[in-house]
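There are two complexes below, and they share chain A, which is joined by chain B in the first and by chain C in the second.
Entry: the complex of A and B
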């Protein structure tokens, strides 16, 4: 089972390698009896998921939004500011966190590790603070500040606009 | 817009800027807790002849720390 990607091409496993791998150790064993993706979603101060079995995880990768299902091909993706959605059981609504930045690593043995610096449920955000933050960042962009400060302001604009889009849904 | 931050900073700095912006967008109670967690201070100390020198913060802290409070 491979997840579909909106942008970026899918890396295909060479047939011979997968046949050899199947002989030595099948993915079915790595997935465990329930066939679920093992997710570890960790922040520096807190561990949201610690090798928990989930069905699907949607990630805001820097190269485009992607979904990870069980037995995904191994890959390393840098994340941009966006919503990580975790679907724990089939048919359940996904749990969402807005993540500032981080890395998502799909290991070859059906494990997904997401390391993020800050991640909070969408309820923890205040629309007023987002609006004032966005106004401040736009003010820096339209001023005559040096390019390095404008680059920082662009990052902040990306975070605030991503937050507004996530809260609007 | 393609990311222009790569011209000016490392991925670590990019992450710190994005996280700082995210913390500002939180509701008041969450924001206070998050800012406390986010404060990072690094101290260093030069050793000579088995004697430790003065402990200095890499970035000087704004308020004076009371003696005996270890940084968390």
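Entry: the complex of A and C
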């Protein structure tokens, strides 16, 4: 009986020691200590991530899909309509959102800020509505509408096709 | 009724009529009492409506502030080059069309006038109330105005429409200064200035060169940043306006209650005076018999 109590208290000690170690993290090492990329993924009406530590973020940049890991070089990327995937822990499946557009900026201090206009989880979308939306947009494109309307329709086609591709994966 | 107590000299000629018109002055007080009571009901309900709208506006503002902070991250790391000549500034005053909100619109107009006095520039205004206040002072500085904003919590779509219009018809500028009300607490607000730099200045900024870009996104980025900054200012200004309206309606209700109390006392005194006079008439008449 005594042996078991001793062993249980021994087991408790290492956990406390690591808690003390983590509490002594300094400001500058907040990002580096756990080596995670600090992500701020914000929408106008909601912030999905606010300086949260993540492992990897995959972005649909206008210049091509890219992945951002910790300590990425500073860069500014415009986002096209596509899927943003956030992998929070190693080995976990990434959380996906379909983003309509926005900007992603990696800063030199291991932070990534993404300002997206709209973002919704993939299961919020219905394939039916996407198909009918795409058909409407294509109809406007092939009609004799003014150029400004056609430009809007072109953007709509881009978004719907991106949605179809995202849902198909 | 105040005139009779404060300025008796003017009413000496009417003193004789007053006795016979004792009932008429009573009726005036009664009417006044009724109208103040109705006004108090209106201001109290407006206060309740503003209180419920405030919770929603505050929630939207908290999220919008995080959005605006993320937007500003990039500009914190880039410094603007100081040029020799005075930069061309476009001031964007952000308020709304609604009244009965205390000093919200005057706060914006005052801040715009002060800023224009220090560094003149062109002007874009969101909201009919500050537009009418400023068009009297500086009609020539106006580039573009907006209205029908602020009835409900502002959306990003509205902010991008405003930004789009400013980019199309706002003329040339090196810097945009957004003047809006900052929400300090549920009972106080203050006007503040947010700077947004133009695409040209962004490209030239030292810190910006450090960012890798496969293609030059500075123009799109500058326009997006403008829409984001306008959105944040709109939502915070909306929250400040709702809270100011709540405070103003609460003060109006309290004032109405005070007026009703003093009017009621006056009415009672008047009623008692009329009764006393009638009694005196009856008694002197009776004693004369």
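Operating definition for what follows: the second predicted complex is superposed on the first by the 139 of 169 C-alpha atoms of A that agree within 3 Å, B and C clash if a C-alpha of one lies under 4 Å from a C-alpha of the other, contacts with A are read in each partner's own complex, and residues count from 1 in each chain.
Basically, a residue touches a chain if its C-beta (ideal position, glycine included) is under 8 Å from a C-beta of that chain, and two chains touch if they have at least 3 such contacts.
What you see is a predicted model; the values in this text were computed from it and never measured.
Engineer: Mind checking chain B and chain C on superposed chain A, clash or fit?
Structural biologist: Aligned on chain A, chain B and chain C clash with each other.
Engineer: Should A:130 be classified as contacting the first partner (chain B), the second (chain C), both, or neither?
Structural biologist: first
Engineer: First (chain B), second (chain C), both or neither: which does A:63 touch?
Structural biologist: Once the two structures are laid over each other on A, A:63 reaches chain C alone.
Engineer: Looking at A:117 after the superposition, I want to know if it touches chain B, chain C, both of them or none. Which is it: first, second, both, neither?
Structural biologist: Both partners, chain B and chain C.
Engineer: So, does A:165 touch the first partner chain B, the second partner chain C, both, or neither?
Structural biologist: Neither: A:165 stays clear of chain B and chain C.
Engineer: In the overlaid three-chain picture, which partner chain does A:45 touch, first (chain B) or second (chain C), both, or neither?
Structural biologist: Once the two structures are laid over each other on A, A:45 reaches both partners.
Engineer: With both complexes superposed on chain A, which partner does A:156 reach: first (chain B), second (chain C), both or neither?
Structural biologist: After superposing on A, A:156 lies in contact with chain B but is clear of chain C.
Engineer: Could you tell me if A:78 is touching chain B, chain C, both of them or neither one (first, second, both, neither)?
Structural biologist: In the superposed model, A:78 contacts both chain B and chain C.
Engineer: Would you mind listing the overlap between the chain B footprint and the chain C footprint on chain A?
Structural biologist: 44-45, 62, 78, 102, 117
Engineer: Can you name the residues of chain C that touch chain A in the complex?
Structural biologist: Residues 60, 63-64, 66-67, 70-71, 73-74, 77, 155-156, 159, 210-215, 217, 220-221, 224, 228, 231.
Engineer: Flag every residue of chain B that touches chain A in the complex, lowest number first.
Structural biologist: The contact residues of chain B facing chain A are 1, 3-5, 7-9, 11, 14-19, 21-28, 30-31, 34, 37-38.
Engineer: Give the list of chain A residues in touch with chain C in this complex.
Structural biologist: Result: residues 40, 42-47, 50, 61-63, 73-78, 102-103, 105-108, 111, 113-115, 117 of chain A touch chain C.
Engineer: So in the complex, which bits of chain A are touching chain B?
Structural biologist: Chain A reaches chain B through residues 44-45, 62, 78, 81, 98, 100-102, 117-118, 120, 124-126, 129-130, 133, 137, 147-148, 151-152, 154-156, 158-160, 163.
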